[in-house]
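Heads up, the next two complexes both have chain A, just with different partners, chain B and then chain C.
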Partner chain A sequence: MSTEVESYKIQKMVELLAPKLTRQVVGSLVGCVHCGMCHETCHYVMTHPDDPKMTPSYKADQLRKLFKRHYDWTGRVFPGWVGAKPPTRDVDLDELKDIAFGTCTNCRRCTFNCPMGVDTATLNRIMRGLLTQVGVMPEGVRVVSKDTWELGNQMGVLKEDYVETLEWLSEELVMELDDERATIPIDKVGANIVYTINPREVKYDPRTISEAALIFYAAAEDWTMPSWGWDQTNFGLFSGDDAMGAASYRHLQEKNAELGSQRLVISECGHGYRSTRCEGPNWSKTDQDFVMESSVMTMLRYIKEGRIVVDKTKNSDPVTFHDSCNNARSCGFYEEPRELLKLVCTDFQEMYPNRTENYCCTGGGGAMSMSEYTPRRLVSAKVKADQIAETGAKVVVTSCHNCVDGLGDLIRHYKLDCQVKQLVHLVANALVLEECAISKIPKEKPVPEPVPEPVQEPVVIPVEIPADRVKIADALSGRRILIVEDEEDTRIFLATLLQDAGAVTLEAVDGDEAIATARAEKPDLITLDLSMPGKDGVEAFIEIRNDPDIRDIPVCIVTGHPEFRKVIYDRPVRPPEGYMDKPVIEEDLVANLRRILETSRAEGS
Partner chain B sequence: MVVKKIGDKVIRLVMGDITDLEVAAFVYDITADAKLGSGYGSAITTRGGKVVQEELDAIGSCPTGEAITTTAGKLKAGRIIHVNGPKFHEPGTEDKLRQTTVAALQLAEKNGITQLAFPPVGTGLYQVPLAVCARVMIDTVAEHLANNSSVEEVIFVALDTREFEPLAAVLQGGA
Partner chain C sequence: MEAHGVHYAIEVIHWVALGVMALVYVLRLLWLFKFKNFRDRQAPGENGDTTNWPALYSLGNVVMPWAMESTRKRPFFYVTFVIFHLGVVAGIFLAFISSLNRPFLEEPVVASIFMIILAAAFLVSVGRILRRLLRPVMRLISTPDDYFCLSLLTVWFGSGVLAEAHISGHLHSEWYLTIYLALTSFFLLYVPFSKISHYLYYPFTRFWIGQTLGHRGSMPASRG
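Showing the complex of A and B:
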């Protein structure tokens, strides 16, 4: 080891690099001829054309310098020849952190455009891994990594909260379909399929779980959700920590074996699919003796086998498809989603370029959890925004939860007139239940309820409710909800919607008024817009959480701005119970608020 | 469960979530600023309430290798002993881990706690290899229990089989 390295952490990084120097890694370290062919393929370069630090080769050179100075003989003997001036001091670490985490989403687009086969994304991931091993990382990465290590999922969902949410969703579905067979089975031994999800679903977007459950029900599938080992995402892919990647994968693998299932289905998530299906067995150095597939394959199979029947005319908006980088470039998984999409919508059009040449959503590589880099991320998202705008589509479909968030942020930032959906939503929406497999299996005859003694019928005054409002009406009956929103039109819209659902609404137009009203009225729930004049919504949220009188009131953030991710990932205080993107979809908002009211709990309860 | 007897004292190894354990006290590996943070820290806050962090704020900090104690709010445990174990390959990892383990046991004794649960301190995010942690912590605990400690039972709590196996190997290996 060189004595000129002053920083203990950098000395450690050099030591920790040794076992990572596989033949492929060394090939990428020595293979770059700095030809520049990859430069124009990177969304950071395209949006920062005058900044040489955005080029893929500059980013990879950071690791290259460590390698050349400490491992490559030419660099060790003649450092000047190879330009190997590596970082030596602690202060250099911050810059390395900003480069590795803040200027690359590890999307691998440059990798596909390098004539020398240099895999810059892999080198960048190794740099991230070295940094996290010595404790240098963005706050969001630290928070999420600790959750992953200690609670087994990357959003810190406690087991009882996870199970309670599933049970709640299950009851809702059974009630809606009036069929006990629509129950979401938990830990069912011997089921054909074990269905694993992204924690974002159970925490903030449970609709995707209900939709998947509806599809399994329609296909009359024998399936289950595990009570542990259910997080198919893997933050180790982003942080570069292979040991964490292995630990997360083992949870799924072991639980799947315990349940005796032969098929693990991974809900739509690009990095989850790559980590579980492709990287997990390598990281954990274990054999794989069961089938792993994306839920896209499962849904496609159900249609092909006639187990579910769909009517594509139910999805008639113009649709385009965004390839997740991990699915397309790292797993070669891009034809099946298109095949499925064409079966469930009437107007599909490609965006260009696509498949392995598609541009990153800019939310990949863990970028959503690193709020300090949000401004740069949104600048780099211009490439994707232009690509989407050109299609004229009203719906961007993607098979990835990260992409849903990344695309959602850029759609709002660049004010595009479209929304993001996943295939599960389109398939569930297109189902013709009465022709699906479940309809061919007779319901077991319910045991007749004992006939109760006739009682005095209460007088019921019939109220006319339009058909599309039947599900919404009374969903929030009697609940007191504080709506915090500065735009009058939106405030009136939200108030009318929530009142229609039976809620009693209170209103506030800025952060100060929100806090004062919450203190005075102690509502059951607060919906909070984050972009308001005066006290910023993030500040107001933190103040609410720090006030012992009101900190237990559940909060649903309803925002058009990406800065709210700071409170979800950096977690200066307990995160919000829910968040919704604007413009809100009426039914989703009401369903989400209901879930929050019925499943959230006060601290320490 | 794996059990090892040290005279009339006992070391047990179980699998589960340490913050959900019914035990006289458990150990939490905290940072120097005495902030609970995420992971087990957020489980403590969510299940136990804000009181734990409030008590920690009043104490203010926890230097490496030392231990401090708080109540456990609404958790099933009676108390929490917070230790600041070695982190991120810092120099002298094994010595610091030994020192941290002893500090937790001594603070338990001082507070009349006879049953104490440990996670594998310093592993996971903080990068101490599980095999090293298992060897150092179990050796240290066994030695401490054999030397007139008032702690009667130490429970190692592994989150999953990955953590369980190396701890079990050391316990069963008669270290």
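Showing the complex of A and C:
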């Protein structure tokens, strides 16, 4: 029977759904009775009472329609009768994107309130994943995904910047404590603990790293931070991209194995904890083979073991605790932070509802990176704002960086008289250093400073250019190459590299400009980025291939999205002549382009 | 045709319908179980429970309205849910006992209990139809199958009241029972193809969600 599918992307989504269909997922897809019990459990519903589309079952129905139409025979035979009419056009995907990314933070509150045990949040994540895999996602998600694939962390922090920040923090801490033992060790092999963080800490809140370092120092812990595989957050959880989830998790897993550590500690981050501790092994299809714990558990253990001593009177403001949805509902982690909080502050007020019934901070599910949905998000934040205001607390404590941002935003928006802190702040502030484990270990005698050697004039050593580099120098001599790339830094890098190889470069920043330039200039080759604002590389590629004037120009895809390879190669047009993943190796790129040009010339002649 | 003859034929049909329903259910379960099983590969959560207790707890939440906020905060809705489902159970019993042990249903106390339950279920069912028709959110998420199932059950409950009234001697025409059995046969044949088959999935969906979240430590759900 015809399935009436028109859109290529939707066909791909149907195919991509198959491997995600576990028994449990199918149970959630067929189990919904549309009773509406989930309706009033969602913060989007509560704050948008006139918009029925906010109801969780409606959001899950978007995936359900696709499933029923293509995988459940009742939907194949009677699609209209059982609600199995999914969208069939590309334009409908924008609405799906809006629903999946813009009206749900995957907080899982509806899941806990479904009498049937339907996991609506998981269904929404699957829909996100399908959309992401066919290139339909909010721009923020696209950028973060790109950074994750290319740089191994979701905020695009360069390795040098990361290491420099740690070194700077380390120097400051050593100076402040006047103790060399307060160093932040990087890549120390055999340390007991490998401490992983959220890139937000390096970029916006390095104080949390210093405070964690102070606590490790106080506990006389043998710890280290990895120079790679340090981002415990995992955008795959938000984008629904299991491949990215697996890759990000493996970075940590492999680095931890390389350092031979016994325990991987995850700084306070809800989605980081869930994606590393809980989902990472599932995505990567490897059983968990090392201990992973939240830094909350580490700090609590230090206090219980007497390795650190705290004075709770140092934190005397009334505090309340916000449960991160990922910690509480998806990882069962809600008592330890309370236990710790009661040990380090004097006035703790419970927030209601709490634990697995708590409301989302509204910054979850990647919402903070999707600015187009900010107004809606802030409206939905009213529920949380009321919850906080009712406690009368001056400090909202949370164990999640995402929640810090989400709560900070709503506190500003609703003008609440309080601030957001994490447990690491309170523990560090309450430390009584002179009674901690480190104070019981005598300092080693200071090693005398080495006498600096006299400064000599720099010796210039002639650099010999390797033979293959000499070959590269004119490998593309005289060839006209159109570089299509939206990111200025990358575009300049590629242009410089290709010009150095003798090419004449043209540049375009999006799909429309690429097509126009290709038509006007007829370059010898096009390097094409895939994820760009406006007309993206996938659409541009199809258009180039369908235009008789430019269809013969060879195209080399240069992308940070290896997952798009199948999408590109499955198109009903001639595949690209080359496909390279970012970050590109200079020699490889030049050699690859030269090969493409030579092959195309040979075929042309 | 005499009502007795039709009645006999319908009785046969409704046993056949029961067989068909059972067969389709078996096929549905085979279909469900052909999908791969998900195994949570992470080590159990710090508060996790690797026994079957969380799964069984999750399974039992149907009789624990306090376990979920959605039922705890809406006691009236929960009571109507119980009445509605008791009505379904009573209706099925009525259909089969009327063939197997009719004198039992003629007992005045038994007859009264059946009629009260079925009448209450009928009223709840009418309320559910109105809710589905009048609330925008319910209209948005409802399919034709949802409306049809609810309408079918409403008529079936009403017809059940009349059938029991006939059995207990309050109504004389055999047609009340015959129509009821005919509706039951249709009901049995339609159920496995409709959303009413949710109760087939219920034990599995609840067990699985309890198992996964229990392993992680968030089931049984906790609140302070």
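General observations
As a working rule, the second predicted complex is superposed on the first by the 443 of 605 C-alpha atoms of A that agree within 3 Å, B and C clash if a C-alpha of one lies under 4 Å from a C-alpha of the other, contacts with A are read in each partner's own complex, and residues count from 1 in each chain.
Keep this in mind: contacts are C-beta pairs under 8 Å (C-beta built on N, C-alpha and C of every residue); 3 or more make two chains touch, one makes a residue touch a chain.
Quick caveat: nothing in here was measured; it's all calculated off a predicted structure.
Contacts of A:57 after superposition on the shared chain: chain C is touched, whereas chain B is not. Residue contacts after overlaying the shared chain place A:392 against neither chain B nor chain C. Taking chain B and chain C in turn and counting the residues of chain A each one touches, the greater count comes from C.
When the two complexes are overlaid on their common chain A, residue A:41 makes contact with chain C while staying clear of chain B. In the superposed model, A:583 lies in contact with neither chain B nor chain C. By the touch criterion stated above, A:534 is placed in contact with neither chain B nor chain C. Of the two partner chains, neither chain B nor chain C is touched by A:375.
When the shared chain is aligned, chain C comes close enough to touch A:111, but chain B does not. Those residues of chain C that touch chain A in the complex are listed here as 32-33, 35-38, 40-43, 45-48, 58, 61-62, 68-71, 73, 77, 81, 131, 135-146, 148, 193-195, 198, 201-202, 204-210, 212-213, 216-219, 221-224. Residues of chain B touching chain A in their complex: 17, 37-43, 45-51, 73-74, 87-89, 91, 124-125, 127, 159-162. The touching residues of chain A, when paired with chain B in their complex, are 8-9, 12, 16, 133-135, 142-147, 149-152, 156, 158-159, 244, 246-247, 250-251, 254, 548, 551, 571, 574, 603-605.
On the chain A side of its complex with chain C, the touching residues are 21-28, 30-34, 36-41, 52-53, 55, 57-58, 61, 74, 80-83, 111-119, 277-282, 285-288, 291-293, 297, 328-336, 350, 352-357.
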